[in-house]
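One structure is given here, and the rest of the page talks about it.
Which chain is which? They are A, B, C and D, in the order written, and residues in each are numbered from 1.
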Amino acid sequence: MEHFALWLGGFLTLGIFSFLYKDNPWYKLTEAIYVGISAGYFVVVYFWDNFYSKFWVGVFPHKRLNEAGELIAGVEPDYWLIVGGVLGLLMLMRLLPKVGWISRWPLAFIVGATAGLWLINYFASFVMVQIQNTVTPLFGMDYSASLYVIVGNIVVAVGTFTGLVYFFFSKEHKGAFGSAARVGIFFLMITFGASFGYTVMSRMSLLIGRIDFLFGDWLGMIK
Amino acid sequence: MSTKAKEILVLALIFAFSLIFYIGKVLGWEAVRFSTTVSLIVILLVALSLLWILILTIRGRLVERRIVFLYVGIAVALPLFMTLSQRIAISPEVEAVYNTLEGLPEGSKVLVSFDYDPPSAPELQPMAEAFLYYCFEHDLKVIMMGLWPQGPMQANLAIEKVLSDEKIKSKNLKYGEDYVNLGFQAGYEFVIQRMGSDFRSMFPTDYRGTPYEQIPLVKNVKNFSNIDYCFNLSSGFPGTREWVQIAVDRFGVTLGAGNTAVQAPQMYPFMRAGQLVGLLGGMVGAAEFEFLTKWIGKGTKFMISQSFAHVIVIAFIIIGNVAFFRSKRKTGLKR
Amino acid sequence: MKRQVPLIITFLIGMIMIFSFFIPPLEGLEQTCSLFFDVIAVFAFFLGGGNLMRIHVNKLRRRKKDWGFSIVTLGGFIIMLAAGLLKIGNPGGIAASPTTEGALLQEIFTYVFLPLQSTMYALLAFFVASASYRAFRAKNREATILLIAAFVILLGRTPFGMMLTGWIPESFSVLQVPNMAIWIMNSPNLAGQRAIMIGIGLGVISMSLRLILGIERTYLGDDSA
Amino acid sequence: MPSHPTTSRPSYLAMLSLLFTFFLLPSIVLAQAEVGQANVEGTPIVPDSEQIVVAPVTSLIAADHKYDDGEMIDLSWVPSIDDQLIDGKVIGYKVYRLEDDGEPQMITELAPSSNGYNDQSVERGKLYSYFVSTLSSNAETPSVRTAPVEPQREWLNYELLNVLIIALVLGGAVIYFIETARRGKKLFVRKIAGIEAVDEAIGRATEMGRPILFIPGILDMDDVQTLAALTILGRVARMIADYDSKIFMPVSRSLVMTAGRETIKASYQAAGRPDAYNDDMVTYITDEQFGYVAAVDGIMVRERPATVFLLGAFFAESLILAETGNSVGAIQIAGTARPAQLPFFIAACDFTLIGEELFAASAYLSGEPKQMGSLKGQDVGKAIAMAAILIGVLTVTIGDAWNVEWMQNITTVLTEIFSTK
């Protein structure tokens, strides 16, 4: 069994890597396995976690029996969940062409809930908090900051401001406004360059792990 | 020979290669190692071929992506076979982790939290092994746990590896007395908070199902005040940040940490503030720590691989720019 | 009826969600909604899973190109379903968690799924290199800035950075590459991130309002647009 | 076996002494303690001199938690003066609660140096009073009891009033400009490169006779970025129907599949070509991140799309998808609101919608005045943010440096307006 597992792991790993050369039957096979298995796995996990544990058990709580076999008060059923169940059933109405339009109701519910929820969450944590964090004394509290920190503070304030100028929709990027927008783009480019450079290096360790599996665990060439 | 025939030949070669070495592994062959001379020659060859690519580029022939892929693969794979003596400069944050460990008397209790999963293992597993090796060698008692579901599994792998070492084997360490794995507990940072008052409430049993109070090593461990040193291996949330904010700030624990390279820079403020005694950052941190603990595991080897990969990426960025400037000169500066 | 009801539902639910943030007795609503969402998503799975099966069965029946691989996909899907729903080989029986160690589902997860997942993830190492090769070119002023920032961070995170600029005396240590990398991460990078985040927040507000007010209605199959 | 009485004698002695130290001595000590207890009635088991008595906590206050649904009571106190970091005698605190003047019940045990607790297990309509005991290693000192409190329900969270007001201002601005535009006033909106390119990208696919691939991210319908992707899909599908190109949309969530079909179908109907629509344009693949990527990569190299849209929420897979799309020579238009993935799109795609532009794209593509109006509303938000940053930074810097009071006051007001607690 252990031999089989190792060879299977080697076969699948090389199959995915073969895609780097070009699309080929080996990759197609591993891809087919991957898609089938992962889709099945998630159906199963969602079924037990969401449908069974959250919905079914929520509506029909487990009966708790004491040692004598009598029913003791347990968790109250949560009948609210049935609304969710009904919405889910409405979704399935798509399968019947005549009443298929009714599946838009649960969809409308989801869109409304998502839009409403995120509107306020993004507003609070993306707009309010970021503005508040930017408002800091440039020279530090009581002039305590070093030149290094002061330059940093000024850069943060100017960068945030000009970055916003860049995103402005109602004005053409011309004149002084255009120059400010161009400074904004520079800051955005530094941001993207920095994040990229930062991640390039850390991605290598993922590959090292796989190569180590191939030559170490599987073929035993590295100890 | 047609492309198809070539491809089939390569496939057959790969299969034969795998089969031979697999059989070799079963028969107990030695690991493949390049001697220092061979290693240097290989490096030289790779460097020369890169130079050749640069010349080709200057002449106007662009390399395609697959060549880049090939070089990345080579850069990562070859160093794993090489014997390269390298000077490892020990950074102060790694030395701090080691010094704190060194200051612990025999029999001290060390808590290690494994807060990562297999994808981060290349960076963090070597740290875990070196850490456990040091603890076992110096008779420190180790209590392991995990805030990530797959953490305790990684702990078991590390223990297995370290226990197979001759020196440690001869110590005849016993599970439950010298080390214990309390397993995973869901609840993110709240687990740490509850542990502040009572370990047992969070870990009623260890991962094998033995009740907490029946484990000799921990039955007298009530909370953090009975722990001499805490070490956290982390690749995200929950991780070092949460350990600092709760275990250190609220319960006064002495904490060291090992982090992935992505996360490590965010931890420096904690170290400057003294909330974290030391930090092993990424593959380099692992290699330095291995050097100090004299457990030469994979961190050192992996670090060479990583450095090689970095050189390759930088080399190709340079080649790419050479190609660009060359084409610009040819076509003039029309935009 | 067909068109108006969904718009009304979106409007009402959206408004309730917004104001629940400010009304303490409604603060549990967020959880309830996400619970509803989970339940709806499971029902939708019948559609998604059914669609997957239908497509591959069709490929098989019509002997379309590569139909052989459809057998594999279907087989994997059905095996996982059977293993997980009937909890085949689960040491804890039908009442145990489907992902108990030793169960067929979990065995396949460990020996087939995990290697595939980590290898697919590891492809990133190759693509990161090829993208750097192609994209980090000093094409114009913006690209040059991107390149410089990326290069400084790249060098700063490897031992080379120290090797190149380690000679710079302590009093000018700001100019050492690793320190420059930290400065870039903490100052200009932070500024850019903030501008992007504030923009995103405002964009979400505007788009959500368009959805809630029914101005944006393509998703509802509105054919008057 | 012969016995060795001479050698065994010392070991008897050793055993005896062991027995004495480990068994007899403690029992003697214990017996004496019991005598002590018998002599003086009411004293604890441990003699007085050994009991570590610690000072109680002071200033214990129990108060209803402000602005909640009446489900929490806040406790605060000043820790015992014996609660010191070094040589502290206090090992913790126990919180006791009396419900409607009933029996005290211990509700939690806290670590040393704690000075407060939020009791979340209370119900409306009941009265609660509390006391806190300070624990030493062998004694417990209770504090005085608090006055009874009843948890209250509040209907509006006044702490967040500023958030509500600014949200209303911004929302009002968006609605105002929508209305203005609806009444026919022309509003200027500048060109956005990535969005301008959409038309050309679709046209190119038509010319080449190759399909257009639309990837709506990997998150479900409960993420705004997916919603943004679907709103853009509506516009894009309409153009595709007009051009008579082919669209293919593999998705990783069943709900997105349903919504995607609904959207494309409607667009084809609006274009007057309902017959050209078919359900197979949208396919569910798998919920798993990298399984989905494996399949989409395969689709890209096999179908060779001329145009790829990558719009929505992306994680590590962003670069894998974008690089593969690039390798087959497709024009790629990407957009996401995840700052960490933006650089990869910038590097590997032809056009990238950065954050806010993703949410604005659909309005922009629609070309309808009222939709454009909403973009104007967003700009009001940006203007407020920019003004706040400018004024805030100036006043806080100058106010601090030269101690100008009115400037400090402005700073205080600004911080309060933008605080989220």
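Here is the rule we use: contacts are C-beta pairs under 8 Å (C-beta built on N, C-alpha and C of every residue); 3 or more make two chains touch, one makes a residue touch a chain.
Because the structure is a prediction, the values reported are computed rather than measured.
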item	value
Per Cα centroids, the chain farthest from subunit B	D
Between subunit D and subunit C, distance of the C-alpha-averaged centres to the nearest whole Å	16
Rounded Å distance between subunit A and subunit B, as computed from the means of their C-alpha atoms	25
Chain centre separation (subunit A, subunit D; CA means) in Å	12
Distance between the centres, which are taken as Cα means, of subunit C and subunit A, whole angstrom	4
Per-residue overlap in subunit B, given as positions that touch at least 2 other chains	65, 69, 72-73, 76, 118-119, 261, 309-310, 313
Touching two or more other chains - residues of subunit A	16, 19-20, 28, 30-31, 34-35, 37-39, 41, 46, 91, 94, 104, 107, 110-111, 113, 115, 118, 120, 122-123, 125, 127, 131, 134, 157, 160, 164, 167, 188, 191-193, 195-196, 198-201, 204, 206-207, 209
Residues of subunit C engaged with two or more neighbouring chains	18, 21, 37, 40-41, 44-47, 49, 52, 116, 118, 120-121, 123-126, 128-130, 132, 134, 136, 146-147, 151, 154, 157-158, 185, 193, 196-200, 202, 204-205, 207-209, 211, 219-221
Chain contact graph, described as a line, ring, star, complete graph or other shape	complete
List of subunit D residues in touch with subunit A within their complex	163, 166-167, 170, 187-190, 192, 221-224, 227, 255, 258-259, 262, 285-288, 290-291, 294-295, 297-298, 301-302, 339-340, 342-344, 346-347, 354-357, 360, 375-376, 378-379, 381-382, 385-386, 388-390, 392-393, 396-397, 400-401, 411, 414-415, 418-420
Residues of subunit A defined as touching subunit D within the complex	16, 19, 22-23, 27-28, 30-31, 34-35, 37-39, 41-42, 46, 91, 94, 103-104, 107, 110-111, 113-115, 118, 120, 122-125, 127-129, 131-132, 134-139, 141-143, 157, 160-161, 164-165, 167-173, 188, 191-193, 195-196, 199
Sites on subunit A touched by subunit B in the complex	6-7, 10, 14, 20-21, 24, 198-202, 204-209, 211-212, 215-216, 218-223
Interfacial residue positions of subunit B with respect to subunit A in the complex	7, 14, 18, 21-22, 24-25, 29, 31-32, 66, 69, 72-73, 76-77, 80-81, 118-123, 260-262, 282-283, 298, 301-302, 305-306, 309-310, 313
Residue ranges of subunit B in contact with subunit D within the complex	65, 196-198, 223, 250-252
